[in-house]
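A, B, C and D are the chain letters, set down in written order, and residue numbers restart from 1 in every chain.
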Amino acid sequence: MKKIGIMTSGGDSPGMNGAIRAAVRAAINYGMTPYGILSGYKGMIEGSIFELKHSDVSNIISRGGTILQTARSLEFKTEEGQKKAVANLEKYGIEGLVVIGGDGSLSGAKVLDEKFGIKSIGIPGSIDNDIYGTDVSLGVDTALNVIMDSIDMINNTASSHGRTFVIEVMGRHCGYLAVMAGIATGADAVIIPEVEPDLAGIAEKFKKRAADCKTRNILIVAEGAGSAYDFGKKLQEAGTFDARITVLGHVQRGGFPTYFDRVLGSRMGAAAVEGLMNGKTAVMTGLQGNQIKFVPYEEVFSKRHELNNNIIKLLDDLA
Amino acid sequence: MKKIGIMTSGGDSPGMNGAIRAAVRAAINYGMTPYGILSGYKGMIEGSIFELKHSDVSNIISRGGTILQTARSLEFKTEEGQKKAVANLEKYGIEGLVVIGGDGSLSGAKVLDEKFGIKSIGIPGSIDNDIYGTDVSLGVDTALNVIMDSIDMINNTASSHGRTFVIEVMGRHCGYLAVMAGIATGADAVIIPEVEPDLAGIAEKFKKRAADCKTRNILIVAEGAGSAYDFGKKLQEAGTFDARITVLGHVQRGGFPTYFDRVLGSRMGAAAVEGLMNGKTAVMTGLQGNQIKFVPYEEVFSKRHELNNNIIKLLDDLA
Amino acid sequence: MKKIGIMTSGGDSPGMNGAIRAAVRAAINYGMTPYGILSGYKGMIEGSIFELKHSDVSNIISRGGTILQTARSLEFKTEEGQKKAVANLEKYGIEGLVVIGGDGSLSGAKVLDEKFGIKSIGIPGSIDNDIYGTDVSLGVDTALNVIMDSIDMINNTASSHGRTFVIEVMGRHCGYLAVMAGIATGADAVIIPEVEPDLAGIAEKFKKRAADCKTRNILIVAEGAGSAYDFGKKLQEAGTFDARITVLGHVQRGGFPTYFDRVLGSRMGAAAVEGLMNGKTAVMTGLQGNQIKFVPYEEVFSKRHELNNNIIKLLDDLA
Amino acid sequence: MKKIGIMTSGGDSPGMNGAIRAAVRAAINYGMTPYGILSGYKGMIEGSIFELKHSDVSNIISRGGTILQTARSLEFKTEEGQKKAVANLEKYGIEGLVVIGGDGSLSGAKVLDEKFGIKSIGIPGSIDNDIYGTDVSLGVDTALNVIMDSIDMINNTASSHGRTFVIEVMGRHCGYLAVMAGIATGADAVIIPEVEPDLAGIAEKFKKRAADCKTRNILIVAEGAGSAYDFGKKLQEAGTFDARITVLGHVQRGGFPTYFDRVLGSRMGAAAVEGLMNGKTAVMTGLQGNQIKFVPYEEVFSKRHELNNNIIKLLDDLA
């Protein structure tokens, strides 16, 4: 393999730049020429492809987002779009891809592999930690620290006023961010998609706390479980709590990468290139324990990343 | 004066703990006994009053919010409520007050001074910077750094996607936070209550940027000028921008105090006690240049804190 | 088991407070009474022991250091000291211990178990990541983020001046912090105890960079490999580099715990109490992959925590 | 004036990039062409001069250090060096300069003005806050927040061990950073060049605290007053304190600019260009209260920036 393409796709996540940097430098070390594909499959179709030199990725490891940008592409879902994309790869002589993104992005890579024989290795980039086959996806650690810092600050004002706050965090259909943030901030309750919400129980708990002169309450809601506004209303109906609502929003996605995400991105980026070198394709780099393993796309798509029950229980035990 | 009461009232703001600490220790240095009044005028009415020792305020200078807590009190707006409050002050022998809070809080202190002869010195605590008589209120610096950090993060994801973001910041009827954050983050446009919004002009500007391949746009909206959701909608009607909305919310209020707010709180807290010692009353500590001055309540309420026109112009010039 | 003692010992590390909080609350949930032992074995000998209530550990999860304080105790190394300590535990009816600290601290627990039958479960608290049996010790993640932030800042000024910086980081006899920080910050070279330093090679590399107009160099030195001042001098002897030296010092130990260390502390604290409940003793909680396992003290002391060779290689490949 | 040069010189300080960005954009707004001069007077002599476009300064406002780099130039102190520098300015048709740096940098600009008629406006960039004519120099606010965060962290570990720490901060011959950091962190004592150190008094104070069971002590030393190591030794000689020493070092200079330094840099950069436009020369932009004023170089060099006595007293009163 002489030329490889590197791209980020879907939602951006912190650490992607570390993965890009590592893939570029590993490729150069192996004597390959790395190319950047701008804006994911959209750029692949439009031919936004350019060589990446060693110095092009200097000093990017500390930056949030992705220097290769990202976009969603409807055209790539069509046969015609895919053919355009493949034609562009051929034009540049690109034989293999490093695809950094969520499951939608890896699905695209799977299609290119199966239908057109384009080799690829995926890197799980997603703050939601909803991808099967890796203990943790690129960006989760940074997102959780951003969420934690935000909730610590809200906690300051909540404590000063003795108020109830309902805070909505990201995570799509997955409660990972909510639960982990809940443990880390000492939240009083968490509502997640994986568990039927017990509003009455939460209201009861808050009343007990109030009887104990603890009028500050923090309830974290995972977006996949519903809206913080709705739960805030229901909570008020269930009791007398005048809850304030905060939707943390896009700050969760845009954090400056932590040590963990910089190292994870570096390891996965280098491993992906090494995998391509060794003829691997249609696999994703997964962090399993302390090791980077290759997980077949098949397996990635066949299962869901489950939330550990012990972790859910831990939050309740410590609150 | 032998005994003074210290309280925080209205919305909490970072730096209040530094002011409390300084007031307590300055009072002790002058041989006075400082008392904490919990939850502002509510606690004054309810008699939640207790002595504060030197060590009670150890290590609080770095904490957000206010250890004395704060609340709004409807009862204090009544003659009856005020009499209860005054009775409690008399019960504890409290002859003077340090009142830390916004203009509502200082209004209460003015009433106590005029109707009941309770001496007081106010400290302007408000992240909105809307109080006349001080260049900057306690908490503004911290709030602006929190807002800036948040917008930097949103900028990371906005740049990765080439997207338009509309970000709503606090400030009540005042555009100070929005304008300053706009300059500090290199925002593309700002909408504030002080200036008639020009949506068409902003849409035009964003179109020009898009023609220049700059599809990332950051528009900051001061809450006093309207809702980010409304302006986002209008922007979409005026062009083709698919704007994302973020309402920063209560994180803006709960930040961990910066160096500036810790020092400002310390200076104002000590100055307030010194003022009481020297027989001053019905004045607010104001930062004017590098000096702490005493500004009569009369004057504080008679004018509005105006946003410097040069600053508004600067943002447009640099964007 | 009705009463347990909780203590921190040796060097403090971020996340200890999360472990204390979890141990206290888990114990209360199991119907046990948790006691805090102040300043480790020193307090055990002096009888600084007191009950810890649920609310005593409120809001401590976000704080650095340890609320139970820590100290080194020479007296505990003597038979007489140990007997005093055991007598105090008996006085309070404490049947089991949660010991949070480094290998010295766990050695003490081992002695108490073997000689006096005092049951204990250890929690590895050490920023150096030098404890065998756990992928990562409590405090490592926070320390690495603090180190990374510091080096990012030094990088700003180094880049502005085109200067060489030699930065000394902690880690005792272990190069983990240095290597991981090196990858995360894109450092140009790292010197660690595990690998013979190649000053000539580093000087050569820096000269090549200079020929390439890259006059900024970052060299990270693990304290166990020698002093940054010495290596700076040697570097100057080996070439013409006017190196600036920074010894990061105790900031590395005092960080405010990250999400990871708060959750790890919570999990380990709860697991330790559960282990005591189930009759376990003389084992340490270890994070292995995503699981908390119990590792016998024997095993912990029998081996060294090795630095992964791939990780060392990765740094060189990406620099 | 059609063409202006912009440069940073001497030690770098946070906010310089904001000033560069503002100067570039203000110049373009006025119809002038801005040029960057690399590495200060060194680059002026070597002819490292290039046009700066609007987009060249995009996204730099949030970055530490200076994109124009900085260096010290011995050659510029010679008549010959100055002539080379002036010849290069003439070559590019540069008629005026914006010089961002400390007093050494402004001295250079004064020479160019007086001997060669090169117009210039200075911007005080220095973390030490030792420049007369401005309440605060560019970079001071960021440096103080970095120092404060570091001392907060050291405080965590100091409190856990009940230890004495001596912490050395920057500031050259000026105690500003030490005193302000002392107030902001609640330090127990500060040693600065402006006041004769009273080691015996400090040792006495620490002994009193120890008698009060407060064994944690924080002593901040300004570098201009001597070395932290020396004071640590003297303290041990004066009592029994086993003091730990930390020299904060270059992190203090390399911080990511705060809101305040970004706005101050923006204001000063724009004002400097406006001044040149209006025919001003040999003046420095100074922040006086809320206003940017022009202060003649003469005046800047004629006096010293004095530390406010009330501030020194405040620290002692509150400790």
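Throughout what follows, a residue touches a chain if its C-beta (ideal position, glycine included) is under 8 Å from a C-beta of that chain, and two chains touch if they have at least 3 such contacts.
Because the structure is a prediction, the values reported are computed rather than measured.
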{"item": "Set of chains adjacent to chain B and to chain C", "value": "A, D"}
{"item": "Centroid comparison with chain A (C-alpha atoms), farthest chain", "value": "D"}
{"item": "Gap in Å, rounded to a whole number, between the CA centres of chain D and chain B", "value": "28"}
{"item": "Length of the line joining the C-alpha centres of chain A and chain B, rounded to whole Å", "value": "35"}
{"item": "Contacts with 2+ other chains: residues of chain B", "value": "152, 159"}
{"item": "Category of the chain touch graph - line, ring, star, complete, other", "value": "ring"}
{"item": "Chain-chain contacts as defined at top", "value": "A-B, A-C, B-D, C-D"}
{"item": "Touching residues (chain side chain D, partner chain C) in the complex", "value": "8, 12, 14, 39, 63-66, 69-71, 146, 150, 152-162, 165, 244-247, 249-251, 253-256"}
{"item": "Contact footprint of chain C on chain A as seen in their complex", "value": "21-22, 25-26, 29, 58-59, 61-62, 135, 141, 144-145, 147-148, 152, 159, 180-181, 183-186, 258-260, 262-263, 266-267, 270, 288-290, 308, 311, 314, 317-318"}
